[in-house]
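Following are the structures in question.
Each of the next two complexes has subunit A plus one more chain, namely subunit B in the first and subunit C in the second.
And then the complex of A and B:
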């Protein structure tokens, strides 16, 4: 399975951080943080995440993967992107 | 199958079309610009994918099936047989007036008109029509396919029959109608702009910073967003313009624009779209 490079992970962090609706300096935001339940972003932001991931990583997320749980944390998104890139590489 | 006419194929018009088609209606989506209509055709499958994420009701829908329920046109006369016409053109009086004058010539006394607006007077629109009792405001919230609440506005002439028909129609779209009366800003804009303006005064008066104000709003009152991040999202120039309209309409000092908010706009700090507002982006 292809790995998501650190610089791509950083881009994802930057995109989420620039759209956060919480601005405290002392929040904990790590790879496993659920960005929706933690209140960092609204669920409507998930739609923008879908567009961001498809454009940034040149993938097409199939309909069955368009579920909010696949977009809930940096880890979950990286797992999905990695899986889809592997499938596309073997297609 | 009931035919719903939708005028204006911008962001809101397309979203309302998706909502209607998803609920089983045949839709005529009309825009005077062929370019906008062509873009709308491409936009619908993309938006549907987005809404699949947020609502189980959209998960099972097939994009081609949904698109097949929507007829795209630049010809306003295609709306002549629609029992409902939902108008979504730009929030500009001259643009809206031009559309309603045409609809009045084309449609019959059986047509109900829904004015999708957050600020244009429903009474003034109705005054353009032969059947003003058939005109009602429907302020859909963004994104329309997801947000359940619709602020419905009763104009001076709006009849009880029209209100009942609107309630039934919105129910069929899985919406909940909240009926209010016609006054500038209705409820949504009038309230939200007071909150945003007062929050700007709090920053100006050095009572608290933006983070503290928004935190109290969210964590204390349970709102999804604070007034200042909302202002940044809408655009501070838009907020200032709306405040000016409210001030001029009511001649009430409570709507006076916070001087520091005006100063931010003058300095080009417009919120998210300029990269700097109450927050940096």
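And then the complex of A and C:
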């Protein structure tokens, strides 16, 4: 399984941190933070996040992978990205 | 001769979709004369009535003209017509690219566009790139209001406000582009108020219009006419809800609709739709959140009928990331979602939600 490079992981981290106000000050945001339980994930943020992942990592996320468990944290998203990249590499 | 040519220019002659946007050329189309050649241009006879007539029907208008921007704007101001054109594209680029920009700004389907230009070359250029755009010559304005795709459109009071709403959107977008900070901080200073209420007789025409016009954010693609909506409005087993959105720039009007069937153990969303104009405000998930809370209060689960099309990915994302799971899917992409309501967020701080129910 291809690993997600640390710099890509940081980009994703910064994308979320800078797009969800809740992480501005009091709430600490780390790679394992569940964004669904700590803030309101609006439909528009969800779409932007999805577009970001697809453009940044050159993947297409199929409908069945668009589930909370794959998007809940930076760690989960990286797992999904590396799984999808592996599938595409073998396709 | 010209008329024939333009009729043929429209390859998909079967396009019967209601027109939402007219894009005008200017020189020798909207007015007689060529501005850049120093002509003292005069408006075509009767064209102001056509422009105002289209506007009253809720059809928005724009411009694709190869000209100097400031000269055109001054001339339109002189004719007191400048406010009628949204996102006018006055530049020297191909008109197909101007139309593409207008379409993206307005966020409506390209197959609802009509383009008028006196030059066959320009019509052909647009038709080649956008085969779904109906291209007409300059004389077509005389019969534009009687055209089937225009005359048959029913208009609600909300439709008549459409241009004003887009003008408000243009100032919003200008501010948003200038705004430094996260999109959420931008949303926070908009002072958005989202109101959910039961549909009434007075808003049924707008509700019907929403089901017909909204494509990207319609959960089933089903359209309902007034009689059907009236039936559901009065049915004890159903709830028909409408949503309005206001912010500091003005009102978006009625922008969302939900049809719910109340069963013994489940609330079932038969239809959920949001106007494309407000897609960038993230209000779809707020309505969905509201429906989740309502079902939970009744100790019901929440199910939703959904038909996946190539245009409603945002709706699918909204459902699935609100923890709706697919419990069945047919060959024609009809999905039944179910949410056990174990995860329900609170509304975000940047919007005030009012429900008069």
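One rule holds in what follows: the second predicted complex is superposed on the first by the 83 of 91 C-alpha atoms of A that agree within 3 Å, B and C clash if a C-alpha of one lies under 4 Å from a C-alpha of the other, contacts with A are read in each partner's own complex, and residues count from 1 in each chain.
Everything below uses one rule, namely that contacts are C-beta pairs under 8 Å (C-beta built on N, C-alpha and C of every residue); 3 or more make two chains touch, one makes a residue touch a chain.
On a predicted model such as this, the values are computed, not experimentally measured, just so you know.
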{"item": "Partner contacting more residues of subunit A (subunit B vs subunit C)", "value": "C"}
{"item": "Shared subunit A contacts, counted only where both subunit B and subunit C touch the same residue", "value": "18, 21, 24, 39, 42-44, 46-47, 50, 63, 66-68, 71"}
{"item": "Touching residues (chain side subunit B, partner subunit A) in the complex", "value": "49-54, 59, 143, 146, 210-211, 214-215, 218, 224-226, 229, 279, 281"}
{"item": "Residue ranges of subunit A touching subunit C (in the complex, touch as defined)", "value": "18-21, 24, 36-37, 39-48, 50, 63-64, 66-68, 71"}
{"item": "Residues on subunit A engaged by subunit B in the complex (per definition of touch)", "value": "18, 21-24, 39, 42-44, 46-47, 50-51, 61, 63, 66-68, 71"}
{"item": "In the complex, subunit C residues that touch subunit A", "value": "182-185, 188, 279-286, 288, 308, 313-314, 316-318, 320-321, 323, 325-326, 343, 345-348, 350"}
